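First the structure, then my questions, so here it is.
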Amino acid sequence: MSRSRAPGIALTVALASFLAACVAASYRQVPPAVPQGAANPGGGAIGLPPADDDDITADVAAWGPPADAAAPPDAALQFSDDPVARGKYLVDAGDCQACHTRAGGVPFAGARGIRTPFGIIYSANITPDLKTGIGRWSEADFYRAMHNGIAHGGKNLYPAFPYTYFTRMSRPDVDAIYAYLRTLPPVYQPKPANKLPFPLNIRPLMAIWNALFFRPREFRPNPAMTAEWNRGAYLVWGPGHCGGCHTPKNLLLADRNGHALQGAAMSDWVALDLTADPRKGLASWSNGDLVEYLRSGRNAHAAASGPMQEVIYYSTSRMSDSDLAAIATYLKQLPPRRHMKGFAGPSEAAMRAGAAIYADTCVACHDEHGEGQPRTFPPLAGDASVQARDPATIVRLILAGSRSVPTPAAPTPLAMPPFDWKLSDDEVAAVATYVRNAWGNAAPEVKPRTVAKLRRRYAQAAERR
Amino acid sequence: MIKRGVSRRVAVLMGAAFSALASLTPGRAFAETIRRRLPWAADRSDRPLRRDERPGYIFFSPAEAAFVEAAAARMIPSDSTGPGAAEAEVPRFIDRQLAGPYGEGDRFYLQPPFPKGTATQGWQMGPPASVYRMSIAAIDRWSGATYGKPFAALDPASQDAALKTLEDGKADLGEGADSKAFFALLLQNVIEGYFADPIYGGNRDMSAWGMIGFPGARYDLTQWVSRYGEQYTLPPVGLTGRDAWKPRS
Amino acid sequence: MADPAVDVVLVGFGWTGAILAEALTAAGLNVLAFERGGWRTAPNDFAIPFDQDELRYMWRHHLFQNVAHSTLTFRNSPDQQALPMRRLGSFLPGAGVGGGGVHWNGQVWRFLPSDFKARSHNLERYGADVVNAYDMTVQDYPVSYEELEPYYDKFDYLCGVSGKAGNLGGQIQPGGNPFEGPRSRDYPNPPLNMPYGPSLFAKAAAGLGYHPFPHPAANMSRPYTNPLGVQLGQCTYCGFCEKFGCGNDSKSSPQTTILPVLMARPNFTLRTWCEVMKVELTRDHKHATGVSYVDENGVLGFQPASIVILSAFMLENVRQLLLAGIGTPYDPRTGTGTIGRNYSYQIVSSVNVFYDDKVTNPFIGAGALGMIIDDFNGDNFDHTGLGFIGGGYLGALNTGARPIETHPVPDKSPKWGAEFKRAIAENYVKTVPIVTHGAVMSHRNNYLDLDPTWRDTFGRPLMRMTFDFTDNEHKMSDYLTDKAAEIGRAMGGREVRSNKRSGHYDIAPYQTTHTTGGAIMGADPATSAINRYLQSWDVPNLFVAGANAFPQNAGYNPMGTVAALSYHCAEAIVNQYVKAPGPLVQA
């Protein structure tokens, strides 16, 4: 009995190791999450990142400004009777364009390379091209892909495509997306062969993975909660697939029960804790602050950086205020993590040097008290990403800079310049430690070797461009 | 339509010239057609070069270095008021400037002819590096003829007198040299080296800034605008920082 | 090969180009702009980690036009040989996206109502002898202050100007400039905080009965979102403003006020590193077909357009007219011809007040930070018997005392040596500068034409500038300097040093970048190149936008008026020209 199971277990272990390695080094992680209070739609799920060959900032640079700075998102589309209109809205809500468009390519024609430690997976062409797109797919084929993770022809899809979230979407919504995608001009754009080594290039392995971690099931509203809350839960756990980045995983990619949306480290960034954690989370944000952030990319507390910019650009800035309010209602009811590990306070030497660097170089935007210029230059006092346990985001911003995402509501691309040429590893570590521990902030000290490691990684990413 | 303008061949030549100019400007993307985009070069910026730490002089010959060291030391002498040109390493600054694009006159119009102009028509000589080379040689010849030794070997009082003669344009330096214009250039470069950011090789330890009370490469003086009559308290900082930036336990 | 035709092609993409492009694309026109420099943006090109570099930006001209490529030749009078301006000095034009709008100070002024009627007003008040003295060729503008007021207002709000109105709809406001023309509303932002020096100046000036007020500044006194939805940050008084780009988006520029919205529009295209060679005309020279240009790969192109607008620095605008053979070049001997006519400048001087006991920290600065009096500008005072017309403002401006450029020493100090060093060390943080900013009238012998000898990189003739100050300017400037010294003495310092502007105009030392004229606006095609809408009299589908339009200069920084004229021009194109192409004013 146990002998006959051995090959399956071996395969599972191999697969799990691969996935764990992928996840450890990638920024969008497995979301085996159970939306608290909502129906449990299944077990584990995996969504690999839409991280390119390129670094995310390369894409930010390539983005145009919003099409019409004056035009607000069309809220009427959200519940339109016209499936094409509703489908377009849902395509935005699902952030489909981000993964299904390569840099400089035609939207939805796919071929965007998704880098993993073992190779590159390319996104599919979802225009209705007969040869290279989904032109031959029926509505039922499309639903099976979204709901079961199985492509036209029966192949298993890699969970880089987050069917583990899309499975929660209703049939009419998935059909609407299909209807919209059919209206796109067909684009001939073959998908490059994935660059995955044996045995990970064997798609049927995914069936085993699905059997272990994935149960297809549509979202079921929680009758105990309001309609708005349920709409929010549906968006967060269905099309929005927020947990893909924001939920932490254990090494075998099983859920860390009770840690849904509590923030997760990714390779170059830290996905924020979306719960009401007073330090790392959104406790100080009102529902209105959340809506403003998702709509415009910034609010009085923060400006989006890293992969969240892409989500805002292609997705949330195009969603209706009522849907954003529903997301806010849902997120604001997430309880914070209960037990936090303690950490030692920062060294006096780092704080003293950090204070000098801060006073000399940072105050012109972020203010001597870390208060920033709200909505223009983000405050650092009380900021969640500054105080994240993993300093990847703050170190990255200091080294490489960032530019805020232009949205119709806030078209100005305000920017932080790179300081990599100016500050040594010691100095970056000191000023990062300082901003993490000044003005009532508290977070572990940043070590120069951490900065050195991240600096090398960004340099390699820049090299690839 | 094009024929009314310039021929294609000429245009290619012109473009090559233009291109050479454009390439002098680092960090730029060239000849872009920009539509529906706000370009931004992520991770890159038009940062300055770091301080050139090579020892010794790169442009100056020993004789030239001796002249510049001596002249700069008379223009900003070493005394109890603060650093002199020597302590601030002004000659090193000038050397690095002349060895670089400025020395070549990268932003000077250098097309001939070069007739002599009036006092109000500005610079009518070649690029700074060649003007230094020619002028220092001419000054040392003139100094030899007038004082019996090169400028650097004169005593300070004689050096001051010689500099005054140069400043007034009363030294006959021979064909092509212009003592007044060269003196003005040298004095300008000395002041530049004294007060420029230390990354350029002079203003060592920001001591010249410290002497006058200039806060250096800061970007926020908001808190000081309304503090009437108060001496600014933070020490000067350079583009690459100051001592206090180094963590020390 | 011709590129696809556009409605409007713009030659030059600084403030003027960006203003016109925004206004014209908003009306649905398809616009393409050529810029001979590159794309520039704060985080890449003038960012806080390296922006505070006096040597690189001021003295090595990093953001300015590179004269190695193209310059001009200069002489004081027509009987001299003009020689090339081999390095920048007297004025500092920009190159690259944003043009001079990147490194300007942000001094936003309106001309006085009487400045627009400089000839008729002075004739009426002082008579022909005064107006025609010194070979002056002063003319009236073909537009009035009242006509331009809405466009001035538009630029104030675009830029988020910090200031205090002195005249709201005819009501004089305490604390503002009582001499200014009526405004339809106050400035969008309150004045900047005043440092010690300007406050000492204001107190002394008020004590003498003058009317000090805060300099109107496109430096933000608080975070601001302009009517296009573009955000600016709050100024931090860093002192690296004039001659520098702003690292924290707190100085208005095309980048910080227009481009985020303009660049989003599908009907706008920008081509960088493309040098426009020539405005191309039909055989009869009555119609522009477009422009020929060269990109940095040496590819020569032709861009057809229904409308061509010259929107480069004014000297380049005039040169393009001369290169294309549009209109008649001005001839000083006969006083006829229109292209190159009435080139003007400004005349500046300064006074330093030195204290023993007051620390003024003059390095605290912003481009337009200071207190001003306008009592001696334009015709705000009686010129009877003074022997000149025109005037200027004067005031204590803290633009940032960067030490290579600014290390004032008392009158008797030598210029080098131990005494010089001690004088710098003792005085640097204990001085207040007062500047005067005077008008230059137009004169028969001050003009622009093409140089016969020197050429640019592309083989085209350089512009030749013939210019000198006359006694009108010297008398006026000395008058202003004496007033500044009078206030300086009332400021209670140890000593006051006057730096008068004497002698011939000198191309070498920096004075001001406010060069004007050469393709001036007027009501008569015999004495002007363009009409009240900046439209060429000779080629009706060509417009020439910039300070070249000023018939003579005023005692104010020109950008506010250049912007107002540009908005006025754009509105005429949209509302009149597009509907009925042709001359908007019958000659």
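A, B and C are the chain letters, set down in written order, and residue numbers restart from 1 in every chain.
The criterion applied here is as follows: contacts are C-beta pairs under 8 Å (C-beta built on N, C-alpha and C of every residue); 3 or more make two chains touch, one makes a residue touch a chain.
This is a predicted model, so every value here is computed, not measured.
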| item | value |
| --- | --- |
| Chain whose mean Cα position lies farthest from chain B | A |
| Chain pair, B-C or A-C, that carries the greater number of C-beta contacts | B-C |
| Chain A and chain C: spacing of chain centres that average the CA atoms, whole Å | 48 |
| For chain B paired with chain C, centre-to-centre distance based on mean C-alpha positions, whole Å | 28 |
| Sequence positions of chain C contacting 2 or more other chains | 41, 43-44, 47-50, 234, 236, 238, 247-248, 260, 263-264, 266 |
| Overlap residues in chain B, where contacts from two or more other chains coincide | 36-41, 44-45, 47, 217-220, 239 |
| In chain A, residues with contacts to at least two other chains | 64-65, 361, 363-364, 401, 403, 406, 413, 415, 417-418, 421-422 |
| Footprint of chain B on chain C - complex, ascending | 2, 37-39, 41, 43-56, 59-61, 66-69, 71, 74-76, 80-81, 83-89, 193-196, 199, 234-240, 247-248, 259-260, 263-266, 268-275, 277-278, 280, 289-290, 292, 294-300, 302, 304, 358-361, 363-365, 401-404, 407, 415-418, 420-422, 424-425, 428-429, 453-455, 457-459, 503-508 |
| Contacting residues of chain A [partner chain B, same complex] | 55, 57-58, 60-65, 347-350, 352-354, 356-357, 359-361, 363-364, 368, 400-401, 403, 406, 413, 415, 417-418, 420-423, 426-427, 429-430, 458, 462 |
| Residues on chain B engaged by chain C in the complex (per definition of touch) | 1-2, 4-6, 8, 10-19, 21-22, 24-25, 27-41, 44-48, 74-77, 79, 81-82, 84, 102, 105-111, 113, 115, 117-125, 160, 163, 167, 187, 190-192, 195-197, 200, 208-209, 211-222, 224-226, 228-232, 239 |
| Residues of chain A that touch chain C when the two form their complex | 64-70, 361, 363-365, 373-377, 401, 403, 406, 410-419, 421-422 |
| In the complex, chain C residues that touch chain A | 41-44, 47-50, 223, 228-234, 236, 238, 247-249, 256, 260-261, 263-264, 266 |
